[in-house]
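Okay, so subunit A shows up in both of these, paired with subunit B first and subunit C after.
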Partner chain A sequence: MSTTTEPSTLSKVTRQRRLMSGLVITLLVTLMALFGPLFAPYGENEVVGPPFAKQGFLGTDYLGQDVWSRLLYGGQIVLVIAVLGTLLGMVVGITIGVVAAYTGGWWDEVIMRLNDVALAFPQILLALVVLTAVAQPKAWMIILLVGISHAPRVARVARGVALGIVSRDFVYAAEALGEKRSRVILAEVLPNMNAPLLAEAGLRLTYSIGLVAALGFLGFSPDPNAANWGQMINENRLALSTQPWAVLAPVLIIGLFTIGTNLMADGIAQLADRGDR
Partner chain B sequence: MTAATEDPATPTATAGAGGIIIQDLRIGLTARPGVDVVDDIDLVLKPGEVVGLVGESGSGKTTVGTALLGYTRAGALFEHGKVLFRDSDVLALPWQQVRKLRGEEIAYVPQDPASALNPSIRIGKQIVELMELRGLGTAETRLKGARDGLAEVGLPNDDEFLRRYSHQLSGGQVQRVALAMAFLPKPKVLVLDEPTTGLDVTTQGMVLQTMGELCRTHGVAALYVTHDLAVIANIADRVAVMYAGQIAELGARQTIFAAPTHPYTRALLDSIPHLSQARALSGIPGRTPAPGARPHGCRFHDRCEYVVDACKQDVPELREIAPGHQVRCIRAGEIGEWDISRGAVPDADPNKARDVILSLEDLGIFYGHKQVVFDVTFDVGKAEVVALVGESGSGKTTISRCVGGLHKDWTGQIEFEGTQLGHGSRSRSATDRKRIQYIFQNPYLALNPRLTIEQIVKRPMELFGLASGNAATEKVVELLDQVALGPAVLKYQASRLSGGERQRVAIARALAAEPDLLVCDEITSALDVSVQGSIVSLLESLRLARGISMLFVTHNLALVRSIADRVQILNAGRVVEAGSVVEVMDSPKEEYTKRLLANSPRID
Partner chain C sequence: MTQVATLPEPLADVAPPRGQHGAAAWALWLARRIGLAVLTLWLVSVVVFVATTALGDPVRAILGRDFNANKSRVAQLTAQLNLDEPLPVRYLHWLGGLFQGDMGTSLANQQPVSEQIGPTVLNTLVLVLLSALVMIPVAFGIAMISANYRRRRGDTIIQTVLLGLAGLPEFVIGILLIALFSTTVFHWLPAVTLTPTGGHPWDVPKTMILPVLTLVLAVSPYVSRIVRATLLEVLDSDYVELARLKGIPETVVMRKHALLNAVVPGIQVIALQLAWLAGGVVIVETLFNYPGIGFQLVDSVKNHDVPMVQALSMIIAAIYVGVNLLADLLSILLTPRARTAISG
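Up next, the complex of A and B:
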């Protein structure tokens, strides 16, 4: 990540075991999702035997496709949607939160009360309302919905962090010089929010994975034929007692990834607490 | 080493009988063996005597103070030495006994008393609970005891007052409640850790007086820890000056202030402004070394103007040069006499011709619907320093923020060289923004911790189109040189600099805009006196060289005498007295000004 450029920061990161283990797990799962298809023994939709047979590494699924191959294929779409959705949610949320904190007064009230209304919706509900209305969900729709459902939650955190910074004298100093508002936010306020926002991003990524997988489980994925970790759980749950690996494998990999991102977020937060500045 | 006191005011008693003795104390760091926080401390506190322990930040004065209670902060440990109290060593006692000693026999008054009182328990109940805990009195007599205690520190003791919560008291009242609670168990030793820092001068005066009376009537041995020499001059019987973890000089108050012998003591006194006469203040070059970075030999040798080669060899002993007067300097006696009027300069001429650059007329300032400043009218001349003086809540900072464009909610007129100034900085022209620069009180908050010093100082030049690229960098180096910082700090982030260095960077940033008016908001109040001295002399030289005018906000009247030409005394949002510094300070007309002057601690 962006924190690994300076040697002193790097050594601080490597000494942080929680952060390191989180980083390693996340990296491994990401690599598997990205380059998995290159190493898959069978094709994504290739039928290799009877359904739910104990054949190959993890057996076959409800159509007789190889579970291990589908597992290697099925991460890409989940991760890409989750990461892009998280990014979108972070950018929109930070913008809302920082602008609210920086302008203050009435605008702060209005923005944050509207934000509270958005917060009242359970995260998955908004996505379901929209997705059930369209015939075939597109990837960009899911990204947008994930991002939008994160934004109000990120906004609350970002505003809280920014409030502690916008009242510091160096921000007033920039104001007194007559700096543009956008520059005050970008050059003076945002750089001082790095650590808590990175931690928040890790946490949001965890939620995104869960959300995307849940949507997949409910059948909302860009391509119903393609492998998708969430969808795999739904497809194969009938044979949970006879061929458990077809369900457990995607569950475990999703679990592992969320643990990784969560550890990472925790580690960053701890690092910031110990006063990296 | 038992130093007999020469002060006739204190009863001569054998050290230890009721008093407390520190012997050869050394406190080190657990993580870094061989590094000391304080070293070679010998100090005797006699009953009924107030000893002032004075030093700048990082000198180890608080560490010595808490050592009397057998306490070090986490990460430090007692390496050797004794704290003798009633013939037993406090440091060697089991913790149960130390715990009993603390508060009962050896009491402590912290710097921030508000944090020592429980905000959700009424004052009366808190005092009664304390007496219960200490086993004082009976259920019937405790309430009366609490009332007596409050009366002793000059507070009301009716039911209404006892029912108050700590947030319903003023800062001075809270501090006096803390004093009353410390005195209730009739302790024999009292450690006061900067108890009046942050209080207004009038309140400070009252607290100091109460404290002195209590110590003397109860025969308490008190250690008064502070950075403020002027306070020490008003309260202490004897003074110990600390530098870099060692006592540099120890003697009766009159001796220390009339005939200081250690070069550090002299340099400190040289950096303190006087109420009676303007002075050319000087700072001490360099900065106080942190534990582990202290030089060999005499710890002050690298900043000392009298240094010789021998100073760098061995650590000098604290030796007695006169009865009761000890100095840790091998050259004591050969570096000449010191005179308190050294550095005195003529007061600012009250009849000098003035060329007005800034004028405020009928200024009223609001926070929401509440008006906090009323009908303030004054002006500032070219190359003139006007001081705004007042206690907290007087509106002095608020006025300066309006001039700087940081507070928009005001009525009236602020005129700068004939043109009206807009309310906020965004409604002012770039020229006005450039020509008026604001310097903040707290240098720890005024610089963005994510930017380098070069970026910080360069920004105003880029913004106002004065210079850019390499030319700007060259100018940054030049400016840093003017504020006595080397080019090495260019790539530093602010967190690597000390408070004084940060304030210099803030001044350099203000100068980078080539201003005509500097608004200085208590810019030295967060700094040590020696750093204050050098900042003040820096500002004075800038004023002479560039003809910059200054609006100087402060609560320190002595500082006003040395730096300002004219002064506005503020009380509760109104100007109560105004005029040239000499007139106002030598012949004040208003009762309020007289009271301020009378309560300001003075060393002259």
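Up next, the complex of A and C:
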């Protein structure tokens, strides 16, 4: 990484239309999730009228709470859990994948077989199986479940990327110099995996948001009283024909968010592809 | 396309045995592949069992606030789940039961699990197969149209729309469809599945439309993006160029030369997506109250009905492993290169 490439990278990013629109959408929704509560006209659990009434900007929900305020409050928890879960999944997955690729041999074989087992669980299934024996899910549990369900998928990608790097000359050179294994991985292998892994992180974030919101929609959220985009859909589903905004508003914002992160991930992947050539 | 690079290579999983020829080599490959599938399922069963009974406290979860007050109920449930025995013994007991077709007794209504699961498995299989039947021609068709307009505006527009759709969670698609077709805008289709008593959901064909449409919209974008990427690769290859130079019309080139070569990666993706459908039905069935295993699973998780959850997750994992096995077999049979690698 030389410093002279910095400006051209930046101009490449701004010229990539998919990446830019993805970034803008993601940034807007993130800002809304983070700072929304400051602008909410009513409190998170403040009853402002009869249930499912058409008053205020988006009407009221099943308990008579203001939907617009709940929407502004409900992003934080989804965003925080999704981001932390993605980070956890990336760190664990990259570690597994890179170690498997670098060690090679039967160790690689064992790790990847176990990985296949983890892949036999659809992501939502793993979460549901664990939540069976839990009375009330906590936020850290959902973060852990999201992260663990990502890890094997990230590991597969990370191993594929790392396999192309561990056989390059500079890795052999570092080994010949007597570098420790951990140092070879950290200083030689990982920095060369940046772009594909960044794209993978974007994709994982997209799925994390979907997963967290889906769990909320199924009725598994950390705090049943707190506003949560996924859970709002579940709470107000029955009124779809009479007070549609109570459901459609959280649905649309989740949809917008995932479109943004997905466009961003694809943009990064395209940039990385071109950089290789 | 980075996504293509992550597709599993059918031969990578099990290296072809060397020094064998013909049928013997095939039998060996198949035996190893099936062995791997069984090994995977066994490890899955360990994970499912440990996750449902040992990670949390099922009795406490079932009884909730009653846990401290109702000692006799605690003892009864502990006995029913055999929780006083050590974990490995309980696991072996459960696994032995599975092999004999005994999946235990549901905690929610004290009925045998196998009796309750039978009809719902069928409902889910029909839903998944129907979605696959609709999805495959749609995905390949869109991919062909898109590849036809390559490096032009039409392709860019299609790809951007597909990319947007690909990221959407299935419940977002489902709810938007419900709002559009059954509640808010039009009132054409039922918003929930209407099942006649003792019958199946498809006895009322109208109720199948929205669940199938949701699954198709959730899965096709991904499949058709990968098929398009393969098509583009093939269309730029030398033999397609030769076919064009010979004066073969572009439509025939697309159909005969390009599409056939995109079938194998297509099968791989479809298998991945079918397996994904096994998980996707959880959300879609819950959304539409469709009486399948996904709906049943969510219900059982909410009731902390441990034996039901164990059985249902094993079925979903088995579908996944089975579909992948079938896909590997099909793609090897359809790829001459891989065929000769094994029997040659």
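As a working rule, the second predicted complex is superposed on the first by the 270 of 277 C-alpha atoms of A that agree within 3 Å, B and C clash if a C-alpha of one lies under 4 Å from a C-alpha of the other, contacts with A are read in each partner's own complex, and residues count from 1 in each chain.
To be clear about the criterion, a contact is a pair of C-beta atoms (placed from the backbone, for glycine too) under 8 Å apart; a residue touches a chain by one contact, two chains touch by 3 or more.
These numbers come from a predicted model, not from an experiment.
With subunit A as the common reference for superposition, the partners subunit B and subunit C occupy compatible, non-clashing space. Shared-chain residue A:134: touches subunit C; no touch with subunit B.
If you count the residues of subunit A touched by subunit B and by subunit C, you find the higher number for C. By the touch criterion defined above, A:177 lies against subunit B but remains apart from subunit C after alignment on the C-alpha atoms of chain A.
Of the two partner chains placed by superposition, only subunit B is touched by A:192; subunit C is not. Of the two partner chains placed by superposition, only subunit B is touched by A:169; subunit C is not. In the overlay built on the shared chain, the residue A:121 is in contact with subunit C alone; subunit B does not reach it. Looking at the shared chain after the overlay, A:247 reaches subunit C, while subunit B stays out of its contact range. Superposition on the common chain places the nearest Cα atoms of subunit B and subunit C 8 Å from each other. When the two complexes are superposed on chain A, none of the residues of subunit A touches both subunit B and subunit C. Those residues of subunit C that touch subunit A in the complex are listed here as 1-2, 5-6, 36, 39-41, 43-44, 47-48, 51-53, 55-58, 60-61, 64, 160, 163-164, 166-172, 175-176, 178-179, 183-184, 191, 275-276, 278-280, 282-283, 286, 297-298, 300-302, 304-306, 309, 313, 316-317, 320-321.
Put simply, subunit A touches subunit B in their complex at residues 168-170, 172-173, 175-179, 187-188, 191-192, 277. Put simply, subunit B touches subunit A in their complex at residues 404-406, 425-426, 428, 430, 433, 437-438, 440-442, 445-451, 459-460, 463, 495, 509, 513. Partner subunit C is touched in their complex by these residues of subunit A: 18, 113-114, 116-117, 120-126, 128-135, 156-157, 160, 196, 199, 206, 209-211, 213-214, 217-220, 233, 237, 240-241, 244, 247-248, 251, 254-255, 258-259, 261-263, 266, 269, 272-273.
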